[in-house]
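Notes for the one structure printed next.
Chain lettering (A, B, C, D, E, F, G and H) follows the sequence in which the chains are written, and residue indices restart at 1 in each chain.
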Amino acid sequence: MAQSNGTDVRLMKGNEALAEAALRAGMQAYFGYPITPQSEVMEYLTMHAPEHPGVVILQAESELAAINMVYGAAGAGARVMISSSSPGISLMQEGLSYMTSAQLPALVVNVQRGGPGLGTIQPSQGDYFQAVKGGGHGDYRLIVLAPASVQEMVDFVFDAFRLTEKYRNPAMILADGALGQMMEKVALPPVGSLPRSAAPWATVGKPATRERNIVTSLFIQPERMEQINLQLQAKYRTLEKEEVRCEQLQMEDADFALVAFGLTSRICQKAMELARQKGIRVGLIRPITLYPFPSAVIRKAAGQVEAFVTVEMNAGQMVEDVRLAVDGTRPVHFTGRMGGMIPTPEEILAKIEAVVAEPSLQHA
Amino acid sequence: MKEPDVIEGMEVVYRKPQTLTATPMHYCPGCSHGVVHKILMEVVDEMGIQDKTVGVAPVGCSVFAYDYMNVDMQEAAHGRASAVATGIRRVLPDTYVFAYQGDGDLAAIGTGETVHTVNRGENILMVFINNGIYGMTGGQMAPTSLLGMKTSTSPYGREAAVNGYPLRITELLAQLPGAYYVTRQSVHTTAAVRKCKKAIEASFRYQTEKRGTCFIEVVANCPSGWKMTPNEANDWLEKNMFPYYPIGDIKAPKQ
Amino acid sequence: MNHAHEIIIAGFGGQGVLSMGQIISYSAMKEGKEVSWMPSYGPEMRGGTANCIVIVSEQRISSPIVTRFDTAIVLNQPSLDKFQAAVKPGGLLLYERSTIITPPTRTDIEVMGIPGLEEAQRLTSKQVANMVLLGAFLERRPVVKRENVISALHSVLPPHRQHLLPANEQALARGRELALEHAGRLVES
Amino acid sequence: MIRGTIVVDTQICKGCELCITACPQDCLELSPGLNQKGYRYAQLKNDTCTGCVNCAIVCPDCAITVYRQAKKPRSVAVTA
Amino acid sequence: MAQSNGTDVRLMKGNEALAEAALRAGMQAYFGYPITPQSEVMEYLTMHAPEHPGVVILQAESELAAINMVYGAAGAGARVMISSSSPGISLMQEGLSYMTSAQLPALVVNVQRGGPGLGTIQPSQGDYFQAVKGGGHGDYRLIVLAPASVQEMVDFVFDAFRLTEKYRNPAMILADGALGQMMEKVALPPVGSLPRSAAPWATVGKPATRERNIVTSLFIQPERMEQINLQLQAKYRTLEKEEVRCEQLQMEDADFALVAFGLTSRICQKAMELARQKGIRVGLIRPITLYPFPSAVIRKAAGQVEAFVTVEMNAGQMVEDVRLAVDGTRPVHFTGRMGGMIPTPEEILAKIEAVVAEPSLQHA
Amino acid sequence: MKEPDVIEGMEVVYRKPQTLTATPMHYCPGCSHGVVHKILMEVVDEMGIQDKTVGVAPVGCSVFAYDYMNVDMQEAAHGRASAVATGIRRVLPDTYVFAYQGDGDLAAIGTGETVHTVNRGENILMVFINNGIYGMTGGQMAPTSLLGMKTSTSPYGREAAVNGYPLRITELLAQLPGAYYVTRQSVHTTAAVRKCKKAIEASFRYQTEKRGTCFIEVVANCPSGWKMTPNEANDWLEKNMFPYYPIGDIKAPKQ
Amino acid sequence: MIRGTIVVDTQICKGCELCITACPQDCLELSPGLNQKGYRYAQLKNDTCTGCVNCAIVCPDCAITVYRQAKKPRSVAVTA
Amino acid sequence: MNHAHEIIIAGFGGQGVLSMGQIISYSAMKEGKEVSWMPSYGPEMRGGTANCIVIVSEQRISSPIVTRFDTAIVLNQPSLDKFQAAVKPGGLLLYERSTIITPPTRTDIEVMGIPGLEEAQRLTSKQVANMVLLGAFLERRPVVKRENVISALHSVLPPHRQHLLPANEQALARGRELALEHAGRLVES
């Protein structure tokens, strides 16, 4: 089903589309460990790796081993990916902290499920804090992209590899079980479309012509460690300036703004349609990069709308970043479902109507 | 500070290999780590594979190994050196990869990675420095601490009923089909150092042949952790460690 | 609003509800339409019930998860009980008659019971029962073209199942007939 | 008797005494004074050294360079 | 050196004082793994456990094993503690998420060091986000207490055991390397002063008289999992209402408020003295419970002071919670050091002076 | 639904023990998990130790074991059942504690905990269900999957060069001094079930005597993961699993 | 021949057929009809059952209760 | 402001700087004073330098970490170089004269070099050199009472070192004498 522009169009599950995208994006190594609802990623890769000779696909003995294999392979200059779901990602927190500190590029995929604990295997956005504030120790950030469609499960793989390599900081695709399991039409970019820039810092064997390369996160003198931290912070400031991505829908005339990411943003679209049918002018702001967060967009919108309603599949996590952006200038409301439950458009509509009906739109 | 090649008409017959950096090592006086670093780098030097070698340092006293070994290196999280080495070796299949780990690192927190790396028969060399103690963190009990051994977390001596028996992980690993060459060495005498170096040489050779994992345990001292002088420590090593951790090949390919 | 058709297909795991949805989706994609297929997954699947929501639309699809449907195709009693109320007024409720004890009660929608299982067993094997229902559905709601469904089947069936193609086609055709008959009966009665 | 000698890098030496134990000729001792790090360091105490390299091989800090009367030099770690 | 009221006064290291406090507080089991700068905790416990017959002290093979031993022992009804430092705590994130979900009480001690990665072993407060927002997956909170003195390393052990058992939610003492290593005078409460209430839910063997007890975090039906989440959220609302602790120093007449926790708050006190010597009326708000956070206190102070200066040993983490509390009504400034560096009173003073000198105290 | 004690003048000679709950098990038809649950609970019933027994369920198909076993239970994180059991047993030294784990749980992610639990000789019973596959997550390769075995992550068959050899972890564990009784059993025939039950009985007995860890591997089927009928799966088990995982005691105390 | 019989909990039975294979008397078969979960279930096809309990022992779902002609009953798992 | 005395004690690991600080702290506590002892720990300790900050006060101590000191006691050259500038004007800089090559240069503070090592070796063993300096310090800045230091020594020394008590006491006394002599010299010169 190749199209004239060289892209394939297929009907695919999110997890499989992501795996195919990784192969086409020139991923050189994948390490993982099975966990629902993302096991199809490794299953697809083991099935299709032979079509891409030289690609390493290895089922590790654990997520802990897997993230450290990623560390090794990334440090050796390979384009590398790992995927898991919530509990498995928790096990990688030490590794992720190490990787940010050692400034290694890698793509980490979290297809979230309901928590905390073993929880459920149903879709959730309960790991926002973990992804965005840093679940591991120390001051670091991941670059976090939140897809909302199977097509974006493909596109963001390319994007995330580009970003992680440009900034030498791990990037995360934060999806959820529904996105991983659902099928949609996807256009697949051709193989070889994402060139890899040189990694002169990689440990590949020291030729006589250069000093040895060292990949480490140990800087035992605190003065030195602070320098590393300042480097990281400078990088994060650049990210915040240059790499924010955000989608706005029908915000032109909006009196109320929904704020939602990932799958939830699509449910919000439906709710927005319903609200507009009832004459309520609702717009939608969808943060695509959760870190760097589109604070400026939201701050700007605060000058226009009467109130914000944040919708998440959790107890209220991104809403803190929305509040920080709005900084008290407008009320920020929240509605969400937890533990694997998905909010319905009708529930969201009801929340919008309740907000609209508030006697005063002053901040409580 | 390189010494001259010739002195009073005599020629140099032994000097620090160029694969070791000029940085003085931070190890305590007499610590085995230094000896093992040296012979490892001598082999890299003599085999001329500096440009094809990538090492992995652990968390433990040898965490700074990359300050001394003049090869490309990665510093792994505590216990994960063999996983990191796996990652490197899988994407650089024609490189010589070694992981260097202490007993806390390899046989406590890293047990899972250790067993599975060897079970997969990763084509790497694993160097395992067994000094029966956590040197770096101040002398706590290791999985390999001997029964009765007093450490800062077994102040009344290690007891089997509470902490289990000292773990002979090398014997376990030798049974895995992925293990190609498994040996236990020491570096406390000249002869021992020479033998240990031979084991390292063989291991690097087997790596090119992609025969599976080579595993060298070095029964090592830790004068500071054991609270002894280096010479006392080496004596204690022979008298107490060797009976439980006997020196020699545990699994050797037929020549 | 937009020209979306929102469908739920539900039944026991193993009755082929997920692949019915996939076939519709695949055909819709071939026709250049927008489509989303959202399966239930997880605890209820292990030996229990399964369902998928399929949306076929001329426009970009917002939420792939909806709670009210233009069509519900239900293959067992629990699914009938669960989704009967979720059909939009004027919508279609199509059910597998062979296994239903308590038939649907709504009167503001089109209700159609098809003995897919019996018919399938009569044709070849009970494995194509879902195709009988699919045939009936497409007769009443031609969201995708029949010929595209046939070619979708070619693409969706794994190689070792390609020999079942003729049986599947037969089942589709039989479903169409039954729907026509049913419509006829409706008109008559 | 083959003649040899050694040079100890006195700033690197930590005075661990392992070389002293390893020397078959008993020609090593610790210095009376301290180096910059506060260690007494190894030094030759007589000229019976044969250049057998035993001391250097056990030295954990690579502090010893060994020389020997011209003959075909051994090739242990000589790469300069 | 027993005092008349039955308490001991001693000069102790923070880590050792904490360990002694745990023994006196009736801790029944401790599981841990060595890591600087808190190894003295287990060292002290192994040395002194024989004075408390029946107490279990076990060095686990890893932090991962240790936190799961804690899970088991807590589930069996024991009063149990674990301690570690930053990288080790990262390895416990899955376990902590499980424990909150299974509603198990336990005391987790994090004596922080500089990160990210292996970093340094010097003091840091870089794990605030991890502790307070939840470094593991899913919507959960830890009860987080931040001591600022060796005496509080003792007192908060008692407090934390009480809170963790009352709310059946893991509690954390978030200290730093300096607090662990420094010596101060401490008064030690007597043994037996903290009674343990019954744990009828514990798995101790099922008598014929009751249903079996199950400790689990798996609630595979999302509806059920959402109920669990609602329970947790209700508990968190109660905590926010009833268990907030906060110290205020010289806030009566303050025009500017420093906000700092833990050791940093003491450095701020010195800075406050220096500032007041220069005639700048500075007060100090010290959150003692980092979760639940004293938002109300800060919000109230916003009606009084001209600006806030938050000081942390990190790149700016608690400052987000301060901003959320202030909600745009006053400027909130930040100064901090990273990676194991400690801010000096003089640096903080300089920051205060810069804030005071701002042409306008309007929010930028 | 309890059947009557007497029927047509005949007396009941076998029925579900009261230590199993009334909840129907969620396992696939013919799955070995059900059989092992049953005999485990029969032993608890017959020994009259329901009030002194605490079990630990893993993450794997048997994650819901506590729905069926009518004893106090804890559900452990994936791989950590033996650590959880350690925690329980250390604070309740007079309780019977068992951990129940699959091959992914015990021999992949939980390898470290497994080795060290046994090495410490924890006085618990470890039941290890080796079905050579990750049942719960949909049939991925386990560390114990046989060479050539096709799974959803080894679609072309397991290859030693990539994934290593199937791990006989039980043999490794048997060598640890902390292991008191180590045996490999199955439950695919009446005779096998009876033997396996005897092993469970013995293990519980040894627990009171505090002799160390008892470890029972059950070579089990997974009809769904293997894509076979239960009877086919049991045949396959005998023909393919038994040669690599031979049945019998690996370490048995002298009687 | 000892006389015995079994009672199968037809709603619990999953029709795995392991009991059929295990029965030395070949007296078991699957029902033609399905239970509520859609499984054919095990049933006696003749009266040659001896109450030997083989079928019950291998049944993973504890679906079988076994009875035997009065004699001293075996004590396998009988605790009622 | 308050009556705090802020002291830094610095030298090589093994010179006993941490225990000097502990003895002062312990004595202060016995006298009912507030006290804090903050060691450097970490990388610089392994064979390198060590130091501790001791604060003795009549009031609650705010920051246990300060950057300017009333007294600096330095036992090696790097510590002298590092902490000389940190002594408050009018403060005391006490240094181990035996190992210092470049002596201090400040004139706005009291500077006192004591050959503790030599004196200690003369007395019994170089291990009590730190006590010589402590004796000198207490003579110049009696932040705690001498008799309390002696009894603190009893509490701080581990059992197997109690036999060193007399030597420690002698060293303290010798330090005091040296400080008096030094002060005398200062006056004379």
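By definition in this document, a contact is a pair of C-beta atoms (placed from the backbone, for glycine too) under 8 Å apart; a residue touches a chain by one contact, two chains touch by 3 or more.
Everything numeric in this text was worked out from a predicted model, so none of it was measured.
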item: Minimum number of chain-to-chain contact steps, chain G to chain H; value: 3
item: Relative to chain F, chain with the most remote C-alpha centre; value: H
item: Most extensive contact between chains (C-beta pair count); value: A-E
item: Separation of mean Cα positions, chain H and chain C [Å, integer]; value: 88
item: CA centroid of chain C to CA centroid of chain E, Å; value: 56
item: Whole-Å gap between the CA centroids of chain A and chain C; value: 35
item: Chain centre separation in whole Å, for chain F relative to chain A (CA means); value: 39
item: Where chain G touches two or more other chains, by residue; value: none
item: Junction residues of chain H - those touching two or more other chains; value: 42-43, 47
item: Shared-contact residues (touching 2 or more other chains) in chain F; value: 28, 63, 75, 77, 108-109, 111-112, 115-116, 143, 162-163
item: For the chain F and chain A complex, residues of the former touching the latter; value: 59, 63, 75, 77-79, 104, 108-109, 111, 134, 136-138, 140-141, 143, 152-156, 162-163
item: Chain B to chain A touching residues, read off their complex; value: 50-54, 56-57, 63-64, 66, 70-77, 80, 83-92, 95, 112-113, 115-116
item: Touch list for chain G against partner chain F, complex; value: 3-5, 7, 9, 11-12, 14-18, 21-22, 39, 51, 53-54, 56-62, 64-70, 73-80
item: Chain B residues within the chain F interface of the complex; value: 108-112, 115-116, 119-121, 143, 160-165, 167, 171-172, 175-178
item: Residues of chain C touching chain A in the complex; value: 1, 22, 25-26, 29, 34-39, 41-43, 61-67
